[in-house]
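Lettered A, B, C, D, E and F in written order, each chain numbered from 1.
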Amino acid sequence: MRALFIGRFQPFHLGHLGAVKWILERVEELVIGIGSAQYAYMPKNPFTAGERLLMIHRSLKAEGLAHRVMTTLIPDTDSVHALWPAYVEMYSPPFSKVYSNDPLTLMLMRDYGYEAEEVPLIDRSRLSGTYVRSLMAKGDESWRELVPKPVAEVIDAIDGEKRVQRIYQLHGLV
Amino acid sequence: MRALFIGRFQPFHLGHLGAVKWILERVEELVIGIGSAQYAYMPKNPFTAGERLLMIHRSLKAEGLAHRVMTTLIPDTDSVHALWPAYVEMYSPPFSKVYSNDPLTLMLMRDYGYEAEEVPLIDRSRLSGTYVRSLMAKGDESWRELVPKPVAEVIDAIDGEKRVQRIYQLHGLV
Amino acid sequence: MRALFIGRFQPFHLGHLGAVKWILERVEELVIGIGSAQYAYMPKNPFTAGERLLMIHRSLKAEGLAHRVMTTLIPDTDSVHALWPAYVEMYSPPFSKVYSNDPLTLMLMRDYGYEAEEVPLIDRSRLSGTYVRSLMAKGDESWRELVPKPVAEVIDAIDGEKRVQRIYQLHGLV
Amino acid sequence: MRALFIGRFQPFHLGHLGAVKWILERVEELVIGIGSAQYAYMPKNPFTAGERLLMIHRSLKAEGLAHRVMTTLIPDTDSVHALWPAYVEMYSPPFSKVYSNDPLTLMLMRDYGYEAEEVPLIDRSRLSGTYVRSLMAKGDESWRELVPKPVAEVIDAIDGEKRVQRIYQLHGLV
Amino acid sequence: MRALFIGRFQPFHLGHLGAVKWILERVEELVIGIGSAQYAYMPKNPFTAGERLLMIHRSLKAEGLAHRVMTTLIPDTDSVHALWPAYVEMYSPPFSKVYSNDPLTLMLMRDYGYEAEEVPLIDRSRLSGTYVRSLMAKGDESWRELVPKPVAEVIDAIDGEKRVQRIYQLHGLV
Amino acid sequence: MRALFIGRFQPFHLGHLGAVKWILERVEELVIGIGSAQYAYMPKNPFTAGERLLMIHRSLKAEGLAHRVMTTLIPDTDSVHALWPAYVEMYSPPFSKVYSNDPLTLMLMRDYGYEAEEVPLIDRSRLSGTYVRSLMAKGDESWRELVPKPVAEVIDAIDGEKRVQRIYQLHGLV
């Protein structure tokens, strides 16, 4: 059985990693769909799809899981929601179940005919992309404890903390 | 060092697999960029990006190489060539070298400032996507010898040989 | 004389039906342009263009008006307002007058050279798409009194009330 | 039962009208999907979607069939074939069967899960859009015998014969 | 040396003209990039790119500077920020430095590898597009003192003050 | 009176310059619309819009005509011809007459309501973009005699002759 796990992964944090492991206990093969793939340099989406892909790959490799997971990119359809599931089908290998924590994703995929399920999240107050980005924006280094070590390395290599700070400043968020 | 290998992989054949191995002898980490990602159901592009992704992942896993390779999707920019390298940069992890056997790809990436190199191809008359598709279109089962075993399995699972035949017939090519 | 009546019809309610009848007393032939055609699954636009088309057709058929009215779809141009009238001209039969209750539509079509007029609306506080959707979102069945009977049937057939509820919940609107 | 009949209708000719009648003997309600909706001023697609819509409406009205038929517009997806069925679903009322004489349409809709059937065509050598347009391009008035009378009236009202001639000349086709 | 000055110029005011002169003291040749080129008829973007182009050309001609300045159009990429610098490069002659007062522009162009600098602005409280538009929206004729004389002439010729008023009313801003 | 002259200017040659002068004897102010603005790196469109803009500006400056001419960019609408005139209107200052030597441009603009006229061309066999590009592709330096001197300088600065050669080779045209 092959499942699809859709998220934005801005950035890929320990909650996501836990979800991947939880899913891999239930299915043989997993496709990770990086959503809102075309967006970057925004407060909610600071990292490019390519950068997020690298974070995910490195994290899974460190866990010895890279051979069981494929990654793909799913663009946002700019509110043309009725087309979005067709994009998902086009850009993902065939799958029989969808996992996500985004309510719109769950709704659209269910209406399209798929079984779609939320992933149990642990420590949701801290393990959330919003929280991790807000720490980065404040220069609070404790964000490093909330992401897999390889993710912190990728973010450092692209000077990502500073990027998040500049984007938040630009939008008057810090 | 991380390199990017761009192709259409319609389908991923033994020539592609040989190229991946050849590159992996030279670089530590490889990103495979699946080009013309949005196209399918065409004589030159019968398979969706998702299907091609599955072919590649399964082939690399069988070779024990999945942990060294990431896959991404690169859409065609409908002849707006001047934008194409920016799409590549957006959808790929950062890379320092490009490999491809498509002359336009090489030209565009070089003009954009990248080092770009052709991959040596073996048995080019048989190990080409065009040739593999033409065999499939004729119902000549020898195409199976030209692709990694997992690719043949993926194609069988999606009834791909028949799809290629129908597409070729539709365009008056058989 | 042929007129064009543009709206979003989310859903087509008795105010819209009254407007159509009022216009048909003044012109021989009417084109109904379903605006924001590409949107659905949003609080302001829950129904697809196809679903709205069915609501309109069934309502007009029930009134014996189907032979005097054509329907077409007008996509939103994502804020490229200067192009929008050209889309209207491309997707509608030629027309000599525009009716709408959307101020931007009236402004753009007038600046483009068309005569454009508001339609007198009755009972505007209840006969508005916003109000009908808010009733549906609350599970208040009185929305049924505000739409033509065939519209309620279409909405029931696609489980539309529940869709509106889920979309409103998703956006924290109920 | 509701069916969808997809074509380009460049222009709507007597073969199309015959097909509509043949389908209406088999289903209660019909949606006519005007394909390649965004194209016009091309040798294969001289008329806008709006003009084609008017041709169809007037022809069906003359036959007393307007109340049993809805029309909608289906854009071409510029070779992104895997998305096209989702566009069809978004822009059409729900349907349980597809009719078309375009092989790619039949293939895509079948692979998407729909029952799709060709419509029997009579007098195919003369009742074809290509042939009708070629007569118009030559100024051979016999095209008028191949289309419903209201279609000829619409074409005359928009000076359509001359438009076809100019487009064919432009492309060196006459 | 050739520089690029990017702004939206809604409308081109005396602050912009001052900036152009300040830049022309530092570089030989200047390209003015009219940003958000596809937008018009919006509160922040009332004028089309073509209208803004005319304002700029007439103002520079009146100052005897037209021969040292080129104008081009840069479309907004609808939040796909990572592609935006590539659009700039495609639509502008090659340049070695960027001037702008938009923080996102400066950030994106710097991350893309360009030297990018803010232009010193004088009398920023009055010489701002937002302020000029707000005066126009209120019918306060003092906006005329804040723009070059040829800009006022262009705005009068297209009845621009009234357009701004109607747009502001439409959005409930006056 | 303001006129619009539309062409692709691949590259801007002496025939174009002659046309500009001929038009400027008839109108006060001219807008040059650079068509197919988004294309480059193709046999028919080797140069970006930005590069073509620079060629035109430098040529007109050398002739002392820069103050009478504005340049703008007109994208191709990918065969959605019915929208193209609206793009022209959006991206150009208002104009009362169109000049072009492209038959489709003339047809579309006339059908849209504009007066549109061909420009008399001298020495058409040599002063054509196709011919100039074919000389460049062959490495025949005589193309330099067919373009304004500043155009040759721009082409040299971007290594344009070699680019044309590579593109022609890529497409098997030399």
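Note that in this section a contact is a pair of C-beta atoms (placed from the backbone, for glycine too) under 8 Å apart; a residue touches a chain by one contact, two chains touch by 3 or more.
None of these values were measured; they are calculated from a predicted model.
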| item | value |
| --- | --- |
| Neighbouring chains shared between chain B and chain E, ordered by label | A, F |
| Shortest chain-hopping distance from chain A out to chain F | 2 |
| Residue-number overlap at the chain D/chain F interface, same or different (half cut) | different |
| Of A-E and E-F, pair with higher C-beta contact tally | E-F |
| Separation of mean Cα positions, chain D and chain C [Å, integer] | 25 |
| Intercentroid distance (Cα basis), chain E paired with chain C, Å | 37 |
| Residue list for chain F, restricted to those that touch at least two other chains | 38, 40, 48, 78, 80, 82-83, 89-90 |
| Chains that touch, pairwise | A-B, A-C, A-D, A-E, B-D, B-E, B-F, C-D, C-E, C-F, D-F, E-F |
| Residues of chain D that touch chain B when the two form their complex | 78-83, 103-104, 107-108, 111 |
| Residues of chain A defined as touching chain D within the complex | 80, 82-83, 85-87, 89-90 |
| Residues of chain D that touch chain F when the two form their complex | 38-42, 48, 78, 163, 166-167, 169-170 |
| In the complex with chain B, residue positions of chain A that touch it | 31, 37-38, 40, 48-51, 53-54, 57, 61, 66-67, 70-73, 89-94, 157-158 |
